[in-house]
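Here it is: the structure, laid out below.
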Amino acid sequence: MTNPTATLLISCPDQRGLVAKIANFIYANGGNIIHADQHTDFAAGLFLTRIEWQLNGFNLPRELIAPAFNAIAQPLNAKWEIRFSDTVPRIAIWVSRQDHCLFDLIWRQRAKEFIAEIPLVISNHPNLKVVAEQFNIDYQYLPITKDNKLEQEAKQLELLQNYKIDLVVLAKYMQIVSGDFIAKFPQIINIHHSFLPAFVGANPYHRAFERGVKIIGATAHYATADLDAGPIIEQDVVRVSHRDEVEDLVRKGKDLERVVLARAVRLHLQNRVLVYGNRTVVFE
Amino acid sequence: MTNPTATLLISCPDQRGLVAKIANFIYANGGNIIHADQHTDFAAGLFLTRIEWQLNGFNLPRELIAPAFNAIAQPLNAKWEIRFSDTVPRIAIWVSRQDHCLFDLIWRQRAKEFIAEIPLVISNHPNLKVVAEQFNIDYQYLPITKDNKLEQEAKQLELLQNYKIDLVVLAKYMQIVSGDFIAKFPQIINIHHSFLPAFVGANPYHRAFERGVKIIGATAHYATADLDAGPIIEQDVVRVSHRDEVEDLVRKGKDLERVVLARAVRLHLQNRVLVYGNRTVVFE
Amino acid sequence: MTNPTATLLISCPDQRGLVAKIANFIYANGGNIIHADQHTDFAAGLFLTRIEWQLNGFNLPRELIAPAFNAIAQPLNAKWEIRFSDTVPRIAIWVSRQDHCLFDLIWRQRAKEFIAEIPLVISNHPNLKVVAEQFNIDYQYLPITKDNKLEQEAKQLELLQNYKIDLVVLAKYMQIVSGDFIAKFPQIINIHHSFLPAFVGANPYHRAFERGVKIIGATAHYATADLDAGPIIEQDVVRVSHRDEVEDLVRKGKDLERVVLARAVRLHLQNRVLVYGNRTVVFE
Amino acid sequence: MTNPTATLLISCPDQRGLVAKIANFIYANGGNIIHADQHTDFAAGLFLTRIEWQLNGFNLPRELIAPAFNAIAQPLNAKWEIRFSDTVPRIAIWVSRQDHCLFDLIWRQRAKEFIAEIPLVISNHPNLKVVAEQFNIDYQYLPITKDNKLEQEAKQLELLQNYKIDLVVLAKYMQIVSGDFIAKFPQIINIHHSFLPAFVGANPYHRAFERGVKIIGATAHYATADLDAGPIIEQDVVRVSHRDEVEDLVRKGKDLERVVLARAVRLHLQNRVLVYGNRTVVFE
């Protein structure tokens, strides 16, 4: 579908006429809605929606859509954002020593499973430089110690600005990102190698093995100051048995990690994820 | 949620303004939409939607909703139906000798997993009469032979009319229902004990065993004249191995059959299934 | 298979010749092995095996098998037990107010999915008496309060002895069984309505909803003094989304609970579960 | 585990004493069994087993193991093969235009998920040469037309011999390999992009879309003269919905294909797959 589209993500207090008002705005300006999805959280009294329409034939010029919609959104007390499908987001992938998620995300981007640019890889280890170079991606090696963390986070932030990064993907980056950093750059997706909230923190596969679970999982979530506690975007699981050693859990887990992380990144880039409180609505 | 709702299921040729027109109709009459979901089949040029709103505070009396909406639907060339959540549908369950789906459906209805009455069980065998009686459901034993099939189908149809049945559930009814019968009473959900279109027809578990598959499945679909070829509502699968004999496949399959059939019945009763061509849209 | 079998479950320090010694014992006495499975836990230096052979044609009379095998087992420092397939175990099902696991276990026992007798249901509520009576099972109502727990556990223990119970199944029994009780009667399988170790303790579905997980699970495990921490026998999961309210999680969870509990009970009754440390080997 | 092992795969008519005889052979020569698994197909009267033991401390020199075991196997009428874990098998990967399985297999081999060499890629298209070269693997471009097929298969066979290939992996090779070729080189694993036996033949995703299935799958099997009918090694599935276009099925299917094919290749290389009739026993 080369026809560019606009997507509105809206959340506001539930009330009569919301669907009508939003749909009328698009119809009145000649837009053709191709996807519309909504959800009502009755307990929270919250209405959440995602509407996507074709820009061809839409009478409002792009730069006027936001101000025009704002006139509708403000009386509804709505939080909202608009995205255009032909604006290509820029991703920085952060890794440590493991390469499976890095390879996978690059392969998917090359295969156009999602539309984004990947101009930058940041790592606290030097060894994946060769992978980044293989695909002509800049690689910034920023080792982290107890003493230099603050300083390195300042450099990381500067890199994100210089490279005009929209999204950071922690693709098995085995360092804790500070709450301070996240406050400054909140668009961060992390993959945790367990079925959260089981095995929060370090060495989940070892602990899964010790607990003798029969299923392991992986969880992609937005990073928050509270470690492994951010809004969950996607999870998946795989069956294990007593025959699986820790190294088998690691191997099986890698297949989960790359698929779960890739799905979460794709959903995010297609503007299908709406966060409220510590939860996500995923408009699939 | 004891507040009764109305649900519109609509399919029509895709065009601008559909969401706006339908949402306006409900808003103009004071309705509060609680669920709205849509799908566009671009290849077929078809727009499909399900909209549910609360009847409390809706200004149109029930009997006027259909004619009023028809005035909107006709120029759009729309096929549509309306259902009210407090109209309790009546189900006839058809069985042969196996009781697992029968027990399961009755248990779920008692547990209010779906809202329906089950006044009638029809069978070509006498042995499940005791189950029906245990739950105070009428049991009609109509044995089928090559010679009496036409005659018995006439009786079955009469029973459905007498009992004011809205939906027939073939809960492991091991007889072929004629195309003629289905033409007269098309609201029939069947459970087939394979992952269709694999193993159409008789003895799917035996054939799955012979083929050496590593996963087996079950499929719930609307019955059509073409055996096991009707629109699929729901499917699920379970892993098997060389250790599983045919009888293990049958046992594992039963767990699938009852869950898949129950999900399909529930989705149908909640007016979440829209059939077009030989496909379904399931608005979950 | 009406031919009765004997099953040995053995664990011992790993060493050369174990398979040969055990297989020779059976072969020398004319036994025909129909299933043999083994597992080595290299970290623990432990060899675990399950061997099942036909008793027809076996030259040792039943009462001599245990002493004869003991002569082999003792020098190997082995822990072992022997079971005969035609010894029918007796189960007490413990419930509170929910009936889905109770119904399901009774149905499976009637359908011969596992071979056992169910002579007794114990509950801290009176309301499922009608279900037990429907299937001619004795129902003992033993309400639990803070003050009478010790006293009631004494009665429960007495009932288990009087009814010659081999296995207690906690089929959504919403009371904590004391460590003291478990020490006296350790053969207890519990179903926990979460994907352990996530959501240990009370109200797992509410907490899963609050955490915004995308998958929920159920866990069958042996009861231990440490709540929800016993050796896991079986787990399974189902996908949920933002559309699922807590009540949907409960409904979907029930389907998991009954299947996971039934699988665990069946595996236990077929002597396929070997516990060591806090882990299980499940010889499927 | 750097300690090399020997693995026996045996199938023979079921009879008393098989486990004892085989275990005694290994024990008598000082071997330490680390894995033993067996299966009896009662219908076929067939006993199948896989036994793996450490070579360190085994008294028979490697070249004498086969003749020595043959003396035991012949009276049992057994088919058997022996493999040594430190003999590194050589794989040729055959591809057409899609690169996902090729990338994935190479990545897994580099990550040591299985132990093998990949010296050769054969393709009927030139475009993946760049991938092979990236990893220093020879790439042979052999375009296939109606007229040159026989000739090209002769060249393919010659290449397999020159490169001393043990296993061919058809990693989305979209050409039919002739029965004649397979007769000459039977060690071929294929990935079919459907849940066989559903959608045998061409364009399974298009046909799955048309049929409106709710789950799609992938199947890894040994190639046989009868297309898509060979013994199944591994299958897996993923859920789809009406929202998924054919291109989404293709995308989701790719994730299945690479995981299912990789699992099958790994199981084969670890000598865990025993074929009999058109079925496999997979000793996991």
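Lettered A, B, C and D in written order, each chain numbered from 1.
Note that contacts are C-beta pairs under 8 Å (C-beta built on N, C-alpha and C of every residue); 3 or more make two chains touch, one makes a residue touch a chain.
Nothing here was measured: the structure is a model prediction, and the numbers come from that model.
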Copy pair chain B, chain C: interface residue numbering same or different (half cut): same
Turning angle required so that chain A lies on chain B, C-alpha fit (0 to 180°, nearest 5): 180
Furthest chain, CA centroid comparison against chain C: A
Inter-chain centre distance, chain B versus chain C - centres from mean C-alpha coordinates, in Å: 37
Euclidean distance of C-alpha centroids - chain A vs chain C, Å: 41
Junction residues of chain B, two or more chains touched: 42, 241, 243, 284
Of all residues in chain B, those that touch chain C in their complex: 99-100, 103, 107, 111, 113, 134, 241, 243, 251, 255, 259, 284
Chain D residues within the chain C interface of the complex: 16-20, 23-24, 26-28, 30-38, 40, 42, 239
Contact footprint of chain A on chain C as seen in their complex: 39, 41-42, 195-199, 210-215, 217, 231-237, 241-243, 245, 278-282, 284
